[in-house]
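Consider the two complexes below, in which chain A is the common component and chain B and chain C are the respective partners.
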Partner chain A sequence: MNILIIDDQRFIRETMKADIHKYLAEDNVEIYEASNGNQGIELILAVEAKLDLVILDLKMDQGDGIAVINMLASEPRFTAIPIAVISSSDKRTLELVDSIITGLKLNLLGVFAKPINVNDILTPLLDASDDRNLAHQHESIVQDMAANINVRQLLKNEQLILCYQPKINLKTKEIIGFEVLSRLCDQSNGYIYPDVFLPLVNQQGLNSLFSRMVISQALQCWSRQPLLMAFALSINITADDLTCDELIEYIIECGREYKQIHLILELTESQEIINQDRVLNSIARLIINNIDISLDDFGKSYSTYDRLDAIPFKEIKIDKSFVSDMDINHQHYLIVESTIALAQKMHVKVVAEGVETSAIELILSELGCDVAQGYLYSPPIEGRYLIDWIAQYNRSA
Partner chain B sequence: MICTPISYQSKTSAQTFSNFLKHTRSENNLSQEDLCSLLRQKSCLFDMLDSITISRWERGVNIPSLAKQSEIVEIFGSELFDIYREDKKFINEGLALINLFESTIERSDHPYYRNTPYRVEFIESHHQNFMTLLQLSLIYESNPRLSFVSRKLSQPFFRGLSLVVAFSFGDQIIGHSLFCRTQGKIALEFMNDEVDLFEVINHNSQALPDTLMVFSSFGVTPYIENYMMSVYLNELATSRSLKFLSFNICDESLKRKLTQFKLPIFKVRTIEGGFKPVKNYSFFSSRTEVMANRNLLKLSVIPTSKSQTIDPIFFMQLETNI
Partner chain C sequence: MNANTELLKALSVFFEQYSQEQQSRLRLTLIAELQRMRLELEQYESSDSIEGLKHQFTGIARYLELKDMLSVMDVCEREQFEYQLCSLLKAVMDYANEL
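Here is the complex of A and B:
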C-alpha cells in the first residue's frame, strides 16, 4: 500500500506515520512525504498514480491543498486516488472543500478536522476497497438501466403518465394549483423518473415532442373535469423548449383553446440559455398571450439573478434542497428567508418546494411565504386519483 | 458480489391482461368499440386509443405497460394484484424469485445455511421470545435509529410492530423483516428525524394508517431476501387502505436491492452512528408505483401465512400446499 502525506508540519507527518504503522504492518506500507503542495505534485507524478491514499493538508505555502486537488482532477489517471483532506479550517470551509472535490468527481474519503485520528481515515479506505467492486457494479446497473430504455419507442407508444402535485396557499390552506410531473412506463420497470429519462430525451433531441405530449395530456386531464378548472396547472418547460417556435405556437394555441384553464409554465433554470434573445422573445410572446411564467429551482444555479431582472416572472419557486432541511440547516434557512424577502419586494409570488413536515410549514408561514408544495400535502398523484384526493383534502381541512 | 436472482426478461406474460380484457368485455357485454370509447371517456391516458389496439391487446400481440394496465383494471373496480394473483404462471415467476428451481443447483456454501428447508414465522409482540428474536434479528443492523432494542423497554412498546423471522433447521436465524403500519405524515416526520420510532409504531391518530413502513429486511441468500420482501409486499397488496410503501434504512445492501428494483430514493441523510456517521436512506412510493413494478408485483403475489416451511430446492412440489 502506498500512502502520500502532504503537510507542512513535520510533527503532524511523524505522528500520522506512527499511527499508520499501528494499524498496518510496516512491510506492507510505503509512506511518502511532502512538506508542501508543489512537492506533493512532483511526488504524485513520480510514482505515476500508484498511490492508494493521499492525505492532504489545505493550508501550505508553495502550493496549497487546492492546487494539489486541481492537479489530480486534471488527469483521468489520478481521479481514482483516494484523498483524505485534513485541516484546521472551520466547518464551513471544510464543507466548501468537500463540495469542490465532490464536484470534481475525485475519490474523496472525507474531510477531517485536526487533530486527526488516523483510524477514521483508514477505516473508510479499507471498507471502500471492499466496496469498490460493488460500487462499480451498481454504477453499471444504473447505466444499463438508462441504456435499456428506448425513449423514442416509449413516447411513440404513449407510455407517458402524468402525476400532479398540489400547491397549497399557506395562509388559507386552500389548494391553488397543481404541478405536472411526468413518468414514463415500460413493461418491466414500473415508473421511470425524469432524472433517468430527461437526459435521454435531450440527447435524442426529443425535447419539444416530449413537452408537447406533456402539455397535451395535462390539458386533456384538466378539460375533462370541470372541478379541476378552478386550479392552476403548472407545467415544466426548459429554456431549450423556448427556442422551438413550433412549440411556442402550439402552447399559445392551447392557451386560446382552453381559455378557462390557468396555465403556468415553470422554467427550469438548471439549463444554460442557449440563445438569450430567442428565449426572451418566446417568453414575451407567452406572457402577452396570458400564459404565466414561473422561475423553477430558484437558487440552484448562478444565473438566477440575471433572469429575475430580465424576465417578468409571476412566481419564483425555491428549490426543495434548501427548503426540506431549513429547520436544521442554518445556511439553507438564510437562503430561503432572503429569497422570500426578495420576492416580496419584487411583488412576485413565492412557492416553497419540498415541504415535508409541519415544522417547516410553520417556519415558512412565519417568513411570509405564499405557497407551499411537498409531501406534507401529498406526493405526486396519478391523474385518476385527483378528484378523490381533492375531496379528501377539503374534508380534512 | 451482487447477484440477485432477478430474471430481467422484457415481457410479462401477456396472458393475464389479455384474459382480463376478454373476460371484462363479455361480462359487461361490450364490443371492442364500446370498450375503446369507454376507456377514452374514462381516462385521458387513452385519448388516441382505437379498437385495433384493443384487439391486439386481447390477442396478446402487444400489451400496455403495467402502469397503464392498472389504469384500465381500476376502471373496472379491480387492482393489478387481484388479476395477477389469479395467474398461476405469474405466481410461478414470483416463486422463481425465492427459489432455486434448476436441478443443477447445489446447496449453498454459506457457513450456516446451505439451502436447506427453512421456516418463516410471524412473531407477535406478545410472543414470549419477541424481545430476544428482535434483538437477534437486529444484531448486525447498523441503523442507529433502531438502537431502541438495547434500551430496556418492555414488550407493550412494540405493539404494532411486525417482526417476521426465517429460521433454518436448528433455529438459526437466516432472515427477518421488520415493519409497521403508520400514517404517511408521521412516516415523513420520522424520515426527517422529528419523531422517534415509537411515535411511528404507536401513532395515536384517529385516522386509518395509510403507509406501510419497513425498517429492516434481510436474508442470508438473495432468495430468502426476496422472500422476506414478499411478506410485506403481500401485506401492502392485500390492504387497499395502504396507499404508500416506505423504507427508512441504513443497510447498504438493502438500499442497493431497492434501487435495483428501480425504486427511487426519496431522501438521504447522514446521521451520527455509534462510531462514525452513517447514511440513512428513505424511500416513499405510492401503491401504484410499487404494484406497476413487475418484480415487486411478482413478489407480492407469493402467498404468505403466519407460519410456513419452505424448501428452496423442492419448493415447486410444495407450491400447491401454500
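Here is the complex of A and C:
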C-alpha cells in the first residue's frame, strides 16, 4: 500500500506514520511525505496513480490543501485516489471542504478534525474497495435495466403505477393530502423507479406526455373514490413542463373538470428554469385558474430565493436533506428553523419532507412547521391500498 | 499538581502508545519543531501576525491532548503564546531527560 501524507508539520507527519504502523506492518506499506501542497503535487505526479491514499492537511504555505484537491480533480487518472482531509480548521470550514470535494467527484474518505484517529481513515479505505465493487455492480444493473426499458412502450401499455405519500398536519395529526410518486412496471424488471426511467423519459422527449398521464391517472383515482376528495392531490411538475402550452391547457381543463379536487402542482427546485418568462406566464395562468403551486425541494438550488420572490407559491417544501438529520446536524436545524420563520412571515404554508422519526416530528412542531411528510407516517402507497391505509391511520390516530 | 507535572503526565500518556523506537523519533521531532517555532517567534517583529505559528502549535497541542493550552490559544497574545510554547518545550525536554 502506498500512502502520501501532505502536512507542513513534521511532528504530525511522524505521529501519523507511527499510527499507521500500529495497523499496517512496515513491510506492507510505503509512506511518502510532503511538507506542503506543491511538494505533494510533485510527488503525486512522480508516483502517478499508484497511490492508495492521500492524507492531506488544508492550511499550508506553498500550496495549500485546496490546490492539491484542484490538481487531483483536473486529471481523470487521479480522481479515484482515496483522499482523507485532516485539519485544525473549524467544523463549518471542514463541511465546506467536504462539499467542494464531493462536488468535484473525488474519492473522499472523509474530512477529519485533528487529532485524527488513523483507524478512522484506514477502516473506510479498506471497506471502500468492497463498496466500490457494490456501487459498480449497482451502476451496471441500472445501466443494463435502462438499456432494456422501452419507456414509450410501457407508457403505451399503461404500465404507469402511481403511489401516494401522505402529508400530515402537524398540529392535528390529520391527513391533509397526498403527493403522487410514479413507478413503471415492467414484466422482466418489476418496479422501475424514477431515478432510472425519468432520464429516459427526458431523453426521448416524452416529458409532457408522461406528466399528462400522471395527472390524468391521479385525477381519475381521486374522482373514483369520494373519500379521497377531502384530500389535496399534489403532483410534481418540472420547469420544462411549464414551457409546454398544450400541457398547461390540459391541466387547466382538468382543473375545471375536477373542480372538487384540490390540485397542487409541486415545482421541482433542482431543474433549471428554462425560458423564465414563459414559465412565469404558465404559472400565472395556472394560479388564475385556481391551481396552487408549491415550491418543491426548497433550499437545494441557488435560485430558491429568486423563485420565492417571483412566484406566489401557496406552500414551500423543505428538502429532506435538511430535515432528515436536523436533530443531530445543527446547521440543518438552523436552515429549517429560518425557512419556517420566513414562510410564516410570508404567510406561506411550509411542508417538511423526509420526516422519519418522532424526534424530528417534535422539533418541527415546536418550530411551528405546518405539515410533515415522510416514512414516519408512511412510505408511498399504491392507489389500490389507499382507502385501507387511510382507515387504518384514522383508527390509530 | 503544578503545570509542568500536568504536561509531563500528558506527554507520558501520548508517547507510551508507541514503541521505544517510535517514541524516540517522535520526541526528537517534537523538540525540533518546538525549537523552530520558538526561533521563528523570536525573529518576528512585534507587529507581525503570529496566527500561523499559533495554528501550528494548536495542531501539536491537539495531538498531545493539552486541553488547558488549547483553551487559551484562541485569545492569547504574543507573550502568553511564547510562554505556552516555552512551557511545552521545557516539559518535553524534561520528559526526555527523565528517561
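Rule of thumb we're sticking to: the second predicted complex is superposed on the first by the 327 of 397 C-alpha atoms of A that agree within 3 Å, B and C clash if a C-alpha of one lies under 4 Å from a C-alpha of the other, contacts with A are read in each partner's own complex, and residues count from 1 in each chain.
Criterion: a contact is a pair of C-beta atoms (placed from the backbone, for glycine too) under 8 Å apart; a residue touches a chain by one contact, two chains touch by 3 or more.
Because the structure is predicted, anything quoted here is derived from the model rather than measured.
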item: Touched partner set for A:356, first chain B, second chain C, both or neither; value: first
item: Which superposed partner A:18 touches (first chain B, second chain C, both, neither); value: second
item: Touching partner for A:334 - first (chain B), second (chain C), both, neither; value: neither
item: Which superposed partner A:193 touches (first chain B, second chain C, both, neither); value: first
item: Partner chain(s) touched by A:114 [first = chain B, second = chain C, both, neither]; value: second
item: Touching partner for A:183 - first (chain B), second (chain C), both, neither; value: first
item: Dominant toucher of chain A (residue count), chain B or chain C; value: B
item: Touched partner set for A:384, first chain B, second chain C, both or neither; value: first
item: Chain B/chain C common contact set on chain A; value: none
item: Touching residues (chain side chain A, partner chain B) in the complex; value: 120, 123-124, 131, 133-134, 137-138, 141-142, 145, 158-159, 161, 183, 185-193, 195, 217, 220-221, 224, 324-325, 356-359, 375-376, 379-380, 382-384
item: Contact set on chain A toward chain C in their complex; value: 8-12, 14-15, 18, 21-22, 59, 61, 88, 114-115
item: Residues on chain B engaged by chain A in the complex (per definition of touch); value: 1-2, 8-12, 43-45, 47-48, 63-68, 71, 74, 184-185, 188-189, 191-192, 194, 244, 252, 256, 259-260, 262, 264, 267, 276, 284, 286, 288-290, 292-296
item: Chain A-facing residues of chain C, complex; value: 17-18, 22, 25-26, 29-30, 32-33, 52, 55-56, 58-60, 62-63, 65
